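Two complexes come next, and they have one chain in common, chain A, joined by chain B in the first and chain C in the second.
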Partner chain A sequence: MIAWLRTPVGMWSTIVLGALLCLPAILPELMPENQARFWLANIFGRAIIYGIIAMSLTFLATYGGFVSLAQMSLAGVAGYVVAVTVNGAVPSIVGGLSYLTAIPLGVFAAVAAALFVGLVSVRTRDIYLLMITLALAMGFFRFVETNIAWFNGYEGIRNVLGPTVFGLPFRDPHVLYYVSLATAISLYAGVLYLVRSPFGLVLQGIRDNPRRIAALGYNVAHHRIAAFGVAGFIAGCGGVLATIYNIGISPGSVGLSATVNVLIMSVIGGLGHPIGAFIGSLIFAFFDTFAASIYDRNRFNTLIGVVFLIIVLVSPDGVIGFAKRARAFAKEKAAPKDWSRQGSKPG
Partner chain B sequence: MTATPAIELRNVGRRFGALQAVRDVTFDVAVGERHAVLGPNGAGKTTLFNAICGDFPPTSGSIRVFGRDVSDMPAHRRARHGIGRTYQQSLLFNGLSVLDNLFVAVRGVKPNRFSFLVPRRDDGHLAKARETADRVRLSHALDVPVGDLSHGQRRQLEVGMALASDPRLLMLDEPAAGLSPVERPELSKLLRELPKNLTILLIEHDMDVALPFADRVTVMKDGAVVVSDTPDRIQNDPVVHEIYLGHGGHKH
Partner chain C sequence: MSLQLFLTIILNGLTLAALYFIVASGFSLIFGLMRTVNMAHGSLYMVGAYIGYALWEPLYDQDAWYAWYIGVLAGMAAAAAVGVVMQKTLLGWMQGQELRQALVTIGLSIIVADQILAGFGGNPRQFFAPDAIFGSSYVPGVGRYPTFRLFQIGVAVAVGIGLWLLLNRTKVGLMIRAGVDDRAMLSACGVNVPVVNIVVFALGAALAGLGGVIGATAQPLAQGVDGRFLLISLVVVIVGGMGSITGTAIGAILVGLAEQVGQALFPTYSVILTFVIMVVVLALRPQGIMGRAP
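For the complex of A and B:
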């Protein structure tokens, strides 16, 4: 543990974690109180929540090689299940459940839906997988948009205020922030653990060479579907938080732009490592919020588009790819390659 | 004949659209036998391999492995039945380390292969993976990402991947492909060290490598078996000389 803290990764992880934990105390020092609350909930809180959903996409893409566009819909499944079943939502469709039961039910529904997505798409790869998951996402979007009886159609469901946590209301930015942060850290650590497990190694094997994985005795389809289930769990957790953050859910939360936004976050952050999802969603939250005040009110989407275009053009593997290259460059400067060792064989 | 053969091929054929890549292949391989399949490029050797391993199941005929009909079995079930194979073009997991590649290979046929728990340091399967690395002379490179290995090391790992699960039938698809003359003896030595009770089916188009190694040899051409016999008779077979070594046997 101590040795790990001395490694660059351990050091940086500790610094970032410390900064995130102290953030609610630091922000009021930098800006007025009401702005600090806004930044805490609507920039950092939001970035963490959508980062979780983006991480469900990058988990599949990085370790399995599957780019699924259904992840926002899976988050939406969890959100809708909570909104439909929980007490106090407006309109009350089923109601009767406390958050304590509605939230696990929502996450469970997301996992079940994810297993279904995995099953339907099990034989497809690359662009075909992308299209089939996009089709499922759009199908879900149109379904909730037109179904009044269960999902209240275009209006959606409002007033999903969230539970009280240790007697504090969820609407307090501090509560929202810390609960989201704790969820994100647990899921992030879970992903890092899982990819070193036999399941995670086989998943990476499927990414590198599905034919070999089968020749070794593994059922590729089972592992793929299970990977979608895991990603569905992550997306479901993010979806519940997003629904509470937005105080409700409507078809717009699972529409085409919401679906594409998750992909944009993942790509600008970078697909090389799960942390990229959170970096991407932080950049996205920042520009999505302030583009209108930085640039022209009517053309703020142009600014967002140009920023993302620059990131992807400069560094096709996103911000973390950029960081990786910068580090490699610094290393090369510090210690030029020892060419003399290349010629002689060791031993 | 009392013992069940390791492999029984009966009129095995494989068609890709209009192309009949393998037709009417019939021969047996006894348990513990070293059987080489020879033939020029395009003779259907690898297709026959893929039919036996299940990568591309046969479109006609039947295949029995250790007495069990595997003709319609998917590849992963055949692996669990005891078939280990290598590929002519190394199919490795480039994003994983040598140890992780072998660890995955060890666990593929084990009942608890599907697991979410990170193995402990003293895990039996990890130990087996290290032992296999030792066997294929890669114990110095355990933590090297496979994408960074040299071609020779990749070929060694390719054999290790097939051996890791302790198969009863080992199928080697040109294990020496692309190896330099310096690297070849190392691989031959590795193959000679394999246990005698292990049945081996070997594809090789270099007769000098295949003949000393094999108990029996099958020669293929244009998807069909030309002759199946002992190495010394194959060596002196005029038909084999004609189709395999070409005109006048300039390949000595």
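For the complex of A and C:
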């Protein structure tokens, strides 16, 4: 543990974690009280919540090699199940459940839906998978938009306030922030653990060469579907938090732009490591909030579209990849070239 | 259900399928040759429709009989021009990086949709068809039926036959088909492959623009149609098979009929029927009904 803390990764992880934990105490020192509350909930809290959803996409892309656009819909499945079943939602469609039962039910539904998405797309790869998951996502959107009986159609379901935590309402910025942060950290650690487990190693093997893994006796299809299930669990947790953060859910939360926004976050951050999802969603939240002062309040989409385009064109592996290359470049500049070693390199 | 109602629903499904075929055939054509999944195909539809509208409106106010035809030509030209610029400046040099191309076109579609919203506002618009194809005609078994919707089927059939002739009976078609199989060898034979790519992209985009103007005559044009027609194109080619014109036609007919029959039988669940078809096809034939096995 101590040795790990001395490595650059361990050191930086500790610093970032410490900063995130102290953030609610630091922010009021930097700005007025009401602004600090806004930053805590609507920029950092939101970035963490949508970062969780984006991480489910990054997890599949990094370790499985499939870019799934269904992740926002899976989050939406969890959100809708909570909104439909929980007490106090308006309009009350099924109701009767407390958050204690509704939230696990929502996450369970997201996992089930994710397994279904995995099953449907199990025989496809790459760009076909992207198309099929996008089609499924849009199908889910059209379905909730047109169905009044279960999902209240276009208007969606409001007043999903979330449970009380230690006597405090969930919507309190501190509660929202810390619950989201705790969820994000556990899921993040879970992903890092999982990819080192035998399951994770097989998954990465499938990404690199599915035929060889099949020849080794592993069932490629089952592992792929299971990976979707894991991603569905992550997306479901994010979806429940997002629904409480938005005090409800409507078809707009799972529409094309919401679906694409999750992809944008993942790509801006970088599809090379799960942390990219959170970096991307933080950048996204900044742009979303401050688009008015940067370009034009109503033209946020053009702004984020241009940023996204530049990232894809200049650095396809996102901010992480950019940082990595910048570091390698700086190292090369700083260290004088060791000419003596070059000659002895085995050709 | 009376026979007349049943036939009307079938005819509605076929006319809708005609529109879907026009739009999706462009998508399929681009995908078939270049393996580029053009996520901005819906945006090209919207560009065609809005630019066509901008030229159509003043002419229509002057009662010019040719207003609508100018709108069609302008819509096709505008979409083709945007498509050529996309292929030439962005997509051409990342040939083969399919995922990156898809991401680039997603970025473009966000920007295009937002700029159209800035330029044209959010009010829905609709073309009026020219007098020659306005009003209704008598269809045996159905009764009076909007002439424009029948015209839609005619355009789709013309597009289908035209594409078939182009691909199978002309030199350009020969190059395109050769490019699908082996672009390196085609290039070695002295064909300028990037130019062929641009021609195909322009053609595919023009079909999206044509679909845009026709679609905006049959039903109102508003924000969000780009997503809708991108989805339709995706589902149609997934069901029918990528890069096959016949497959696109079959896919369009299945999706169009499913949508209309679904809306008649179980209105709020009709979307599911479309996706049941998609899931069943994927389970049985992952490459689509007419697609070639990868």
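Operating definition for what follows: the second predicted complex is superposed on the first by the 330 of 347 C-alpha atoms of A that agree within 3 Å, B and C clash if a C-alpha of one lies under 4 Å from a C-alpha of the other, contacts with A are read in each partner's own complex, and residues count from 1 in each chain.
The rule is short, and it goes like this: contacts are C-beta pairs under 8 Å (C-beta built on N, C-alpha and C of every residue); 3 or more make two chains touch, one makes a residue touch a chain.
Source: prediction; values computed, not measured.
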Worksheet entry | First (chain B), second (chain C), both or neither touched by A:I127 | second
- Touching A:T302 in the superposition: chain B (first), chain C (second), both, neither? second
The answer to whether chain B or chain C touches more of chain A is C
Answer with first, second, both or neither: which of chain B and chain C does A:R325 touch in the superposed model? neither
Listed in rising order, chain A residues that touch chain C in their complex are 67, 120-121, 123-124, 126-128, 130-132, 134-136, 138-139, 142-143, 146-149, 255-257, 260, 263, 267, 298-302, 304-306, 308-309, 312-313, 316
Per the touch rule, the chain C residues reaching chain A in their complex are 35, 37, 90, 98-100, 102-104, 106-108, 110-111, 113-115, 118, 224, 227, 230-231, 234-235, 238, 242, 267-272, 274-275, 278-279, 282-283, 286
Residue positions on chain A within touch of chain B in the complex are 193-194, 196-199, 201-202, 204-205, 207-209, 211-220, 222-223, 226
Residue positions on chain B within touch of chain A in the complex are 53-55, 74-76, 79-80, 85, 87, 91-96, 100, 103-105, 107-109, 113-119, 161, 165
